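So, here come the structures, one by one.
Shared between the two complexes below is chain A, which pairs with chain B and chain C, respectively.
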Partner chain A sequence: MPQILTGDGTKTWMLRDRKSQFTRWGAWMIGTIIFLWCWKQISDATTWFFVWDAPRIAADIGGRAIPPRWSYMEKLWEPLWDTLNIATLGTFFALLMAVPVAFLAARNTTPSALLIRPIALLIIVSTRSINSLIWALLLVAILGPGVFAGMIAIAIRSIGFCAKLLYEAIEEIDTKQVEAITATGASRWQVMAYGIVPQIMPAFAGIAVFRWDINIRESTVLGLVGAGGIGLQLKGSLDTLAWPQVTLILIVIFGTVIISEWISAKVRGAII
Partner chain B sequence: MLHLQQLSKTYKTGDKALNDVTLEVPGGQVLALIGPSGAGKSTLIRCINRLVEPTSGNVILDGQNITKLGAHGLRKMRRRMGMIFQEYALVERLTVMENVLSGRLGYVGFWRSYFRKYPQTDVDEAYRLLDRVGLLEMADKRADELSGGQRQRVGIARALIQDPALLLVDEPTASLDPKTSRQIMRLICELCRERDLAAIINIHDVKLAQMFVQRVIGLTKGVVQFDGPPEGLTEEVLTRIYGEEDWKETIEKIEEEDEAET
Partner chain C sequence: MSVALSERVGREWRKPPFIKRAWLRWALLIGAVVYFIAALSSLDVNWSRVYEGLERGWKFVVAFSSPDFSSRAADIKEGMIESAIMSIAATVVGIVLSVPVALGAARNIAPLPIYLICRGIVALSRALNEIIVAILLVAIFGFGPLAGFLTLSFASIGFLAKLLAEDIEDLDRSQAEAVKATGASWSQWINYGIQPQVMPRLIGLSMYRLDINFRESAILGLVGAGGIGATLNTAFDRYEFDTAAAILLIIIAVVMVLEYLSGIIRARVQ
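This part shows the complex of A and B:
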């Protein structure tokens, strides 16, 4: 009852009454206490000497890392190419598997909501829940180190992401267009090709470039666990304390990510 | 040609949309289905081509019982029934030509339709129909670039290329302005006459219905309340269909317009 009648008969208006105001104040109070308590816990577990020392160490490493060792670039072209391949092929295979999963998971296209839909959803959740770095660790153990393991890791990790966005797009289509195609006497597959696919095409293309863009970033670190690409060089340089090489690699990764983001923004702009 | 026998539809929610509707439509007859929103007009047409499964009753087209058909038989039967929709229901991202040709999906195989390799006779017919509805130069435009009236013309072409015996028309003018509404209604009725098609037209606009059709059916709460010529829509009948309201205006205006046109 935000409306209050005061003594002289005028109606005043407040957003919240006294009780809900008090509840809100209490909630903020509890939140603040929790925050301060957590801060205390973290603070106790921190060796503050190292933290106070951090600026000096950072400056020291920074000093060693500059200038970047530009001549190292000739050894980076190949791993960079590998990284792009891991991302691109990984995205491609992910999409190949995500499309059927998405159609099986979408409420309006699944053949069986009781049996098949839960399986498709399980695939989506399980592939999404494990980070690509962990997939890569597993796959390096199974397939041996190299680009192939990285590509499969990226592909598996991306299935859930792509399938989830795609099945949401399928569920949001305009059913009238589907109805109209069905009414012509079209078969189940024709309804899919004419009534559904044209409607989800923009979403599909958007998802593909978006995931490709993410995968470029993810594939730069896969080398850390031996799954190929530029991360392998990064790990080698870090392990040997070759700071000027690390700087160069970071610059290259930065450049690649910017370019991939620019491309995906352009492509998405062209579609919508 | 088309017989509906005691057609009933009860939705899962318990709503009785159609209640024992029995109707006979002779070949070549254009009839209007009027009634308040929620009277079951849309359900009735969708039960005929089984976009909605009727709960009980029979739909018989040219001696074949549609309600008893299996998936394959139903597909073949749907080719005989062209459907035109309220909001056009074109595939927005496909071209006008693709939309028109999609009316042939019941006749061509999957891969031919997927690669848009329709038989030349279909393509010829598509051009002829686009010319007839006045959209020949729009063939390669995307459907979402067209205006409402133009889209509905594409929808009409798509229904006609099926080579149907019957048109099921669901509120064809509900999203159009008054002038375009008349043009679209006139076009539908002309085409029905040219090709000797029967048509069931759901329509809100009583006046518009009276202007164009030979027979009017009034539906209220899934029950046929009126079945007769448009002149039979008296004040008393409209009250029976729609409920209490001042209907004099509606009826008088028609007569004036009729005089003006003749």
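This part shows the complex of A and C:
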């Protein structure tokens, strides 16, 4: 809002008038105070002696970690396969559960906007807001440690994510096609199969691959709480301070993540 | 209509397949089946252990109906405040650091060497999982919220810089050129030609990242990097499912409120 301001007789262009300028300064000040207060809390909870010591420790760890123990690789193939399975099967089961939830949550397909939609939305929010590591922690306590707990954790965590994106895609579909199918006298299920599903299929495939990529990243660390995969090896190596093995595992994880991102980008490029 | 429709038009209509190339469709299908058999056979599930665990699982579900907020109220409060502090501070630092990285990672602004360096930073920050970074930083800086704060800041840089850089690459060139044509210096060009165009997006992304940082801060405590995660972990270790349920409910509530707020803010600025 360009403003004309008169100061000693001359007129100057200003971006904002006095009032909005003051409000902005006030907002910035409050923001800065909040940040500084947060920083003070963090600083109070920190042992600064350790922090000043950090460069030495980092150099020390780096020195120990540097030649990665390549021979350890032969023990990593199986955990890597487990990690892949956790991510892939987890995504698969998540999609199986996410599709009905998404149809129940989308405004245009839900059977009851008053009763069922809020339940579906609650499922989406609650599964989405809890990290897969927490799900894994919980499931390891319930189901016992292993790949199975990791898989279920990934599956539960992904339901909300997939269902949210999918129901947004369902709400954005072209209603003309649905009407055309309805006009032929199709039943509710036929409308769904011929009017809605073909329209959301590309979005569905995109979401599946996207989530699979995220799940690969997440499944690499699930082992830290005992839920199988390469994280288990990472935890073992960290606990025994076997830094060369840690380096190798980190390299492997990094490589896996890059490859999975590449695959997902390729597939999404092919779909869209 | 004595003759069936299919006889008149030749062949019946079929739904077109999603993947048009037949060989690719079959290859994917067979590959998926083979993979599933291999994966499921390597997945050994101890069903008796699972069966035993179901009772405990049921206890947890029951605990959700009677969450215990009171007996560890002090711990929960402390943990939540620490999580909030960590996520706010990390979001601020993340924004401040991600802006220059984003400018460098936008191909239409930055020269190639800077572009490559900034893209490298983004890729590194995104590829490393928060937990792994947190483990390393805890090993280096010691236990406490500082390690968590640094982890979240580092993760925020990659996230914000990538999405902001994409937005800068998509901006309207004519506005930026108009500012340049007035003889503006580089910083003026950025400030008046580019910043106003990406500001709404930056605000939206920052709110979204605050939300993510809070969610992530809930797990950093598992590896000793401060926040509510430590309290949660203790609750699980002691099988105090009612306290764990209370913490999870608080996390869900906070995330819902944040998501709602960020929705309002994003709708207002965009």
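Just so it is clear, the second predicted complex is superposed on the first by the 257 of 272 C-alpha atoms of A that agree within 3 Å, B and C clash if a C-alpha of one lies under 4 Å from a C-alpha of the other, contacts with A are read in each partner's own complex, and residues count from 1 in each chain.
To be clear about the criterion, a contact is a pair of C-beta atoms (placed from the backbone, for glycine too) under 8 Å apart; a residue touches a chain by one contact, two chains touch by 3 or more.
Because the structure is a prediction, the values reported are computed rather than measured.
Engineer: Check whether A:A265 is in contact with chain B, with chain C, with both or with neither, and answer first, second, both or neither.
Structural biologist: After superposition on chain A, A:A265 lies in contact with neither partner.
Engineer: For A:I251, decide between first (touching chain B), second (touching chain C), both and neither.
Structural biologist: In the superposition, A:I251 touches no partner, neither chain B nor chain C.
Engineer: Please work out whether A:L96 is in contact with chain B alone, chain C alone, both, or neither, and reply first, second, both or neither.
Structural biologist: It touches nothing on chain B or chain C.
Engineer: Contacts for A:V147 in the overlay, against chain B (first) and chain C (second): which applies, first, second, both or neither?
Structural biologist: second
Engineer: More chain A residues touched by chain B or by chain C?
Structural biologist: Looking at chain B versus chain C, the one contacting more residues of chain A is C.
Engineer: Check the residue A:Y194 against both partner chains and state whether it touches chain B (first), chain C (second), both, or neither.
Structural biologist: It touches chain B and chain C both.
Engineer: Now for A:E179: first (chain B), second (chain C), both, or neither, which partner does it touch?
Structural biologist: first
Engineer: Where on chain A do the contacts from chain B and from chain C line up?
Structural biologist: In chain A, positions 194, 198, 201 sit in both the chain B and chain C interfaces.
Engineer: Along chain B, where are the residues that touch chain A in the complex?
Structural biologist: 49, 51, 75-79, 81, 83, 85, 87, 89-94, 102-107, 110, 113-114, 155, 158, 162, 168
Engineer: Please name which positions on chain C make contact with chain A in the complex.
Structural biologist: By the definition above, chain C touches chain A via 15, 18, 35-36, 39-40, 42-46, 49-50, 53-54, 56-57, 60, 81-82, 85-86, 88-89, 92, 127-129, 131-132, 135, 139-142, 144-146, 149, 215-216, 218-219, 222-223, 226, 229, 232-233, 236, 239, 244, 248, 251-252, 255-256, 259.
Engineer: Hey, which residues of chain A end up touching chain B in the complex?
Structural biologist: So the residues of chain A in touch with chain B come to 174, 176-177, 179-187, 189-190, 193-195, 198-199, 201-202.
Engineer: Along chain A, where are the residues that touch chain C in the complex?
Structural biologist: The touching residues are 31, 34-35, 38-39, 41-43, 45-47, 50-51, 54, 57-58, 61, 81-82, 84-85, 88-89, 125-126, 128-131, 133-134, 137-138, 141-144, 146-148, 151, 194, 198, 201, 205, 217-218, 220-221, 224-225, 234, 238, 250, 253-254, 257-258, 261.
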